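Paired with subunit B in one complex and with subunit C in the other, subunit A is shared by the two complexes that follow.
Entry: the complex of A and B
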């Protein structure tokens, strides 16, 4: 079995205590550990102190903030709890779906929403043992200075592989970050950046405290479409979040707004643009699905950073987009 | 007096016909310990003062070792010893004719992950740090990853330094009858090229070994091996110790599937390090190291020509196969023979020729995986038959029937077949799948496919030539009414300990709970050759049956004498000895055993089994693949192919398997389901490959990247037991552990054709490949070269 490196563990009880600990050099936050611990075993990080959020109760709540019109989900809520929570299921079904399709039941019981949002980027040349990486001389994200995905590339393109992130962006969610310096709230759409080594704007001393997702203000239809080789365990290879705001609560009602967000491309999720042509069209019009799938296909270019040929995955983005819309229409 | 007391009637007893154990459903003898999590696997063993070992491995696929400097490692606190190839220089190999590997590399590293040095330290972390501190200077050499390129390369610098024929590890060319004439006369010749990419076993328990030296000098090695006897022999050879100073024990295994059927570097390293330090030493592979140890299914490129009559009879078959062996021979000599020798049944063939060449390459060595050497050619053979059935307009099941070899037959390569339940297997899967009605009506995208196969029940000739029995069992009865069974056989999860208990229970009237089975300890148990080639049920079962019957005779004789009746009137059943003609006359089995012990002293008997030597052809290589008996299998697979994504969803596999006689039905069904699952996994997703673009690193040596299907991915599996008892097997039993895997892959390939009209001749049937084939088919249809498949011209 691979060994963990040595580190200390602190178990603060409040966000403030955690933030104080996290300000120490070499400190690193851990929640469920399902992403971090394998990465530590692979020697991708070597923190001297793990600040565990397991005992921080404030991170574990799901509440409706009616005044702000948002559902506040604590970053420490497990993915199982997110997927089963009645408020999430009622108001944000695509999020419940995405959370319920992360990895496997055992991992969802440990993994948290905050952890999934902050999942480190993944690449076939990175998520290997230190020995394996030494055989290829490492890469931009590990011990080397080359990119094996984009030969000659100077920018790390490891894939943002979270199931929940595309959905949360499609729902216009915001993240609340806390540190000893205070707190800040920013839209998740602005949270990610195109650098696989540092793919979020979160500073190392900041804790993600909660996710705020606006409650729907009118009729809408949302979906999350994931394809992976196996029906469990695997990270997504195709990952698409869709949201349609409608003029009335029926699939033949006109689309008033649309958001499509795609994951597992490079280091940041891509929001598909130039979808105005479908505004005003009924969701049930097959031309809508065709038009959106065509935009997805044109704008999203998977890379050879995760398994299965990139051209295949690109084609599948269109197929799964079309099918997800067809399912929404069929469900009425 | 005590005799009369024991005769006293307790209650009326009815002897039910078939009240014995054979053919019943049993809980495996070790099931509850495993379910409760209290089974002690090798890694659970901890000895006082135990050290941990780690192996330093080469990051180069091919490199000369210029020098190794271990001084920094040895200077580290907690490091007790470092060894290199120089400390274990004796070459070994599971096949005595091809000793071509050393425990650690001597002069060259042959693949990424080849071991070059080993460390013993007070704990794993120190051992890992010490490995990092060992400085190895390499001179990289050009690696060869493609077997045909390796074969074409110069003979002067072979990959493997022990090779005698350049990079050709083994070549076999055998011809039976006139193949070219047969093909020339055939009205239909199907030509096909097939590629099996290679898969590994993925047993959940990684390899582990622990060595301990007693003050007396006795070296004990506990290892997760499926061949404790061969390990014993090779340890003696490599360590230069007499065999009587070595004891090998196989603790319970967490899966093996052929991946633990030869010695590995870790066993020699822990033994050497224990001898060097005088302390117990343990080494547990990481999952990554399991992928480097490998010995998985060989990649094979197979070019087949099969000639058929208009009635679908196989007139001739020609097979040319390139086998990618990796860095070492392993079982490769046998694999090369098996790649041709096991393809001649269950069908009559007019003539047959195979030419197989195994190449060394700079990759982890391939070896035996469940269905050793014959799963790949079975894929080619059975798809060829399906193509012929389509070309001739014959139902694929019917085409197989027309070629059935039958029982008491001889194959074209002169193997003698005994019992043969293949036709019944075909009948069962045909009926259970609704083949006739449903195949005609399933819509585009949905299809049924069939394939058949055969497999051996052990081999008539052992790996190292000797005339001694292949299997032996000792049984002891004691006055408490229990039996102890001692056998060298390796239970690797297939249930062989349960099989032994069933036979003893059947013969002596004992429930399985009253039988202790002690196996795979070279100090305590008779020699057995191990768990491979599906030999244990037939061979060890026969040895066990012989010993048990001798004991039964002693016990029934003693009871009969006391009752004054003939011995054959005494029946042993359900912990009792009974008078068959007067069941009210009965006695507790413990008492019967006590009487027998009074008469004969300690009740112990031995049984042994050796193979028939007259069941193969009289030609060079004719013994390899010859078996006392053969099992038969047929599968029907139902698939749904998604034409937009190329995803193949295998819905159901019906598995009919002729195991001769099911000694324990649930165990047989479990083997059938597990086999079909494993074949399905290889068909759809598994890929054991290295990345030539990155120096030959493994494409993903983890269970996240090497995908084996989860429960959600697994089809419905229906096990249909067929019993054609073979006189060679105990109670007629034949194997069930490997045969049922074979038809999985071709049945799925043939079902894909039935569903959407594409031929998947390259494994695995991954979505991008399926999608490309669908696009080609559509283009051919659009060009008018092919009629629309199953879409009524739409």
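Entry: the complex of A and C
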């Protein structure tokens, strides 16, 4: 049995009310609770007030903003709803796929898109009971001052383990944050930072209100590839989002733009660079998959922060990149 | 420090229920230890196993990760309510019995609630793959799942007969 620590709960009805409550000292935002409650049970945080977003209806909308050319998805939309929503499936199939592969159906019925984007970083030395952690004296992210993943390391390397984040960055999505000081919009590519203790630039008093994903302006193919030990429940151990913009609506058309984003490395997702060689090549050319897999393998260095050996996961990054592209080609 | 208790009002298995709860209590703790509804099981207590699955407004959720105060005004159904709703033994429970789909039985209440939510949502006979997908958050360490899937498919057929 894992008991929650004591706290007060507030259930505001609007974003403004929630922002006012969140400005109080010791306040902490919670949406579906599927990430936060286990962490509280493990005593990784001790907030005095949980500000629940469950009753904030304005966070639950999915709408096309034709003028801005974006799909606006409320941060409070459940992952089940994201994965099944006709607009998401039509315009952003890789996002629907990623949302539908988070954890289990039960958790997707509770967890939200905003919660998945803000999923706390994870590490095999952190996501344990307080009793377990006491045996190793904690670590940088919990009660201690050492890193068990990188001996001598002064920087926490707990893994960004969201399924949706690599996909959203590959689609050039932006996040809208709200607080009593107003609102701001920033690209998700600039949202994460390399510190597992504070891996986003969101201030504690800010609420993620909305994700804005640009609608496709031309033909493209997108994929999300996830490998975990079990096909359900588990967090990803290999996580790759791919996006190819094409000159025509066929897999033998030339690639006009490519984005590849990899998760579960350190505390921020990594955008794979130096992919220019595949621009102008047909997606169906086997050399394209080989070239991209090679760049992924060269640039992504998994750590022993999550289960399974880092060298194995590095090899699997290349394997799953090749397989994901092969699937796109086979689907036509 | 523990915050003051508050009055939670909701519907549990069709009955209007009022219970004093502390804000940090989970729905599972309130069901099991305050309302004596011990059908929902406390397994991993952190969202991995699905043994605590209940329905909130008909949607299967994990009671161990739901704050009790979050079901204010909502309708909670536990495995106790499943049988009551069917006037004794629900067709799913009957199918589990006939197919020997429960061995130790610890996971069964959660699996019944997830399976019932599937059958009520689709209202037609289901395929084994649909059952696998719907039960992907419920672990069973005894059966190997085969008999559970057979039982849910069978129940869905019987429920669809006129």
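Everything that follows uses one rule, which is that the second predicted complex is superposed on the first by the 332 of 332 C-alpha atoms of A that agree within 3 Å, B and C clash if a C-alpha of one lies under 4 Å from a C-alpha of the other, contacts with A are read in each partner's own complex, and residues count from 1 in each chain.
As a working rule, contacts are C-beta pairs under 8 Å (C-beta built on N, C-alpha and C of every residue); 3 or more make two chains touch, one makes a residue touch a chain.
Because the structure is predicted, anything quoted here is derived from the model rather than measured.
Of the two partner chains, subunit B is the only one touched by A:135; subunit C is not.
By the touch criterion stated above, A:107 is placed in contact with subunit C alone, subunit B being left untouched. By the touch criterion stated above, A:2 is placed in contact with subunit B and with subunit C alike. With both structures placed on the common chain, the touch criterion links A:308 to subunit B but leaves subunit C unconnected. When the two structures are aligned on the shared chain, A:124 is found in touch with subunit B, with no touch to subunit C.
When the two complexes are overlaid on their common chain A, residue A:232 makes contact with subunit B and with subunit C alike. In the superposition on chain A, contact is made by A:37 with subunit C only, not with subunit B.
By the touch criterion defined above, A:148 reaches subunit B but does not reach subunit C. In the superposition on chain A, A:316 makes contact with subunit B only, not with subunit C.
Looking at subunit A, you'll find residues 1-2, 6, 104, 231-233 touch subunit B in one structure and subunit C in the other.
Remark: subunit B residues 57, 59-60, 112, 124-125, 128, 206, 284, 286-288, 644-646, 685, 694-695, 697-698, 700-702, 704-705, 707, 709-713, 766-768, 771 touch subunit A in the complex.
The residues of subunit A lying in touch with subunit C in their complex are 1-2, 4-9, 11, 33-34, 37-38, 41-42, 48, 50, 52, 54, 103-107, 109-110, 231-233.
Interface residues of subunit C, counted against subunit A in their complex, comprise 1-3, 22-26, 42, 45-48, 50, 53, 59-62, 64-67, 69-70, 72, 114, 133-134, 136-139. Partner subunit B is touched in their complex by these residues of subunit A: 1-3, 6, 104, 124-125, 127-129, 131-132, 134-136, 148, 227, 229-234, 307-309, 312, 315-316, 319-320, 323.
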